[in-house]
Amino acid sequence: MNYNWDWGILFRDPYAGWILDGLGWTLVISLLAWVIAFTLGSILGVFRTTSSPVLRAIGTCYVELFRNIPILVQLFLWYFVFPELLPDDWGRWVKRDMPAPALTTAIVALGLYTASRVCEQVRSGIEAVGVGQRQAGRAIGMTEPQVYRYILLPNAYRIIIPPLTSEFLTIFKQSSLALTIGVVELTAMTRQIEEYTFQGFEAFTAATIVYSLVTFTVMMLMRILDKRTALPGTFSHGAT
Amino acid sequence: MIEMNAVNKWYGKNFQVLKDCSLKVAKGEVIVVCGPSGSGKSTLIKTVNGLEPINSGDITVDGVSITAKKTNLDKMRSSIGMVFQNFELFPHMNVTDNIKIGQLKVLGRSDEAASEKAAELLERVDLTEHAQKYPSQLSGGQQQRVAIARGLAMEPKAMLFDEPTSALDPEMINEVLDVMVSLAGEGMTMMVVTHEMGFARKVADRVVFMDFGEIVEDAKSDDFFGSPRSARAQEFLSKILNH
Amino acid sequence: MDLDFSVIPANSELLWEGIKMTFLLTGLAIVGGIILGTILALLRIAKVPVLAQVAAAYVNFFRSLPLILVIFWLYFLVPLIMGQPVDAFTSVLVAFILFEAAYYSEIIRAGINSVSTGQLAAARAIGMTYPQAMRYVVLPQAFRAMTPILLTQAIILFQDTSLVYVVGLRDFLVSAEIVANRDQRLVEMFLFAAVVYFVICFTASLGVKQLQRRFAK
């Protein structure tokens, strides 16, 4: 193997700044997309478990549609196809005039896609809580929304903290897809460093370490959260 | 108080869980419903507060039909207490909050009033010292007593018990039955699905025997235990009593 | 806007080559990923000293990385290690196998753990060695239990292969994109790509559900 090592490159101007900028954009995409995914996913998850056949059907269709098309294709649909299907003025706004078109599109696409996965987690959480709890809530006269608000969701969220965390980490990793529509996030930045300096080894190592560190940090936080919210007398997933 | 008229219920097209069930429970009466497993008794009791919808027939509680469109089922349920086989306490709330939640969110009581009521009921089921514990920290018998307190907190007109002791270890059955006996003594209208024939004999006014979704026998407690008229009830009794 | 889908039949040959590439990559990555994943899982379950820790670290490490980064890594590394230019397919395939193995190993490990310890004890009791007990008693049950999840993972992998876009390997999506750009038919081609992926994945997921139902009986 013939390679000229130069680890110092990572700490030199402008490359150190690039990596930090890239991480910044990666976090912005991940967090905002997560807000969309969590909110919409929760609503859809509730839809899929309610007594209303219409709401259940809406939830099911959404999930099937969004999880059976590769996220990259979805990203292209939102970026290249969606504006063309709108009336001209609107399409121009989405393509060009709205703030940071590529970034916004990436956030929305990732958020909508992940919502279908969050929906399934929320649904399985609610189902794990059980029919008995639902009936017990109804038996003391709660309305269906009250049963969700006070009984089913507080328990369901506790159960699904670990899978929800891994969904968040999936978004975090998949935010790298934004580079395909020109958002220069962490992976794109290191790729750019490779192309400018030919020090691919160092550049990719930097990205690898940053992704791993963030992942392990999030996992640690998840364990703490899981322990904190665990009910007395039950085993939390993170506890040992 | 509770009146069921020709109630029918199917699961799917082919399986009929309830066949033409008719039943009356007068105010202050205690009715025990028994029968082999799969006979439809749990389904029957859950139709009374509409947890299990019915396909035909009618059920009225205190003169209000539960099948009528204009009936507010939620309000209706708050006036009928229910105790489940698996307790179904809310695992994320401590004992006191389990008893308070319905008072706060359904009856709209003040926190103070709800706490007072909860304390009073905990005293009554003899669990005052466990007020701050979580359900998973209690024994089955204790959990079931909390569940009864949760039902009573709504000041119900009637109480439904769906096999309240069948998930319990034998040594805990009596602590729950004692609470139920005293409740019956105070004149609470009760409908109880149970295999505890001792309890039935002691406090039930009438015993209803079900098999294959039908009410086979509906007799005064003494008559039922003295000389059940149907062969199926006789067979059932001999199975659960003779050992 | 005027849509013209005739661009699809006009380029059917190119698109068909792309689909074949997508399936080839998926198939080879599944086989490689399951083999490597099983080895990793067994090292951890058998608690082989040192190697078990290495396997655990491998799995956690790869699961913390974006697939795109892994593809870039191998695209850069494989030629460097071989000391000569290597075609994109080889480096991408290596990337997929290494990456997917981490996910497969977790599925397989869960499957093995779902087989009761009594089974292993019973197999050892009739004189089987540990590897024999694994091979003849535990693994067959485990693979049966995890077949639906393995298949679901295969559908995910099938979708993931679209990421070879970043190195320009001519899979289905890249072929569609080439046509889209050359003939200025972005809307038609990307809609077509979405429909094709959807039909394949949705049908496959229905099949998995059917299988699950059969297993549940």
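Annotations
Per-chain residue numbering starts at 1, and chain names A, B and C are given in the order in which the chains are listed.
The criterion applied here is as follows: contacts are C-beta pairs under 8 Å (C-beta built on N, C-alpha and C of every residue); 3 or more make two chains touch, one makes a residue touch a chain.
Predicted, not measured: the structure shown is a model, and the values here were computed from it.
For the pairs A-B and A-C, the larger set of C-beta contacts lies at A-C.
The most centrally placed chain, judged by C-alpha centroids, is A. Annotation: 53 Å between the Cα-based centres of chain B and chain C. Inter-chain centre distance (chain A to chain B, centres taken as mean C-alpha positions): 45 Å. Put simply, the C-alpha centre of chain A and that of chain C have 21 angstrom between them. Within chain C, contacts with two or more other chains are made by no residue at all. Per the touch definition, chain B reaches chain A in the complex via residues 46, 49, 51, 74-82, 84, 86, 88-92, 101-102, 105-107, 133-137, 147, 150-151, 154.
Those residues of chain C lying in contact with chain A across their complex are 1, 61, 63-69, 72-73, 76-77, 80-81, 83, 155, 159-160, 162-163, 165-166, 173, 177, 180, 186-187, 190-191, 193-194, 197-198, 201-202, 205. Interface residues of chain A, counted against chain B in their complex, comprise 130, 132-133, 135-143, 146, 150-151, 154-155, 158, 231-234.
Only residues 1-3, 64-65, 67-74, 76-77, 80-81, 84-85, 169, 173-177, 179-180, 187, 190-191, 194, 200-201, 204, 207-208, 211-212, 215-216 of chain A touch chain C when the two sit together in their complex.
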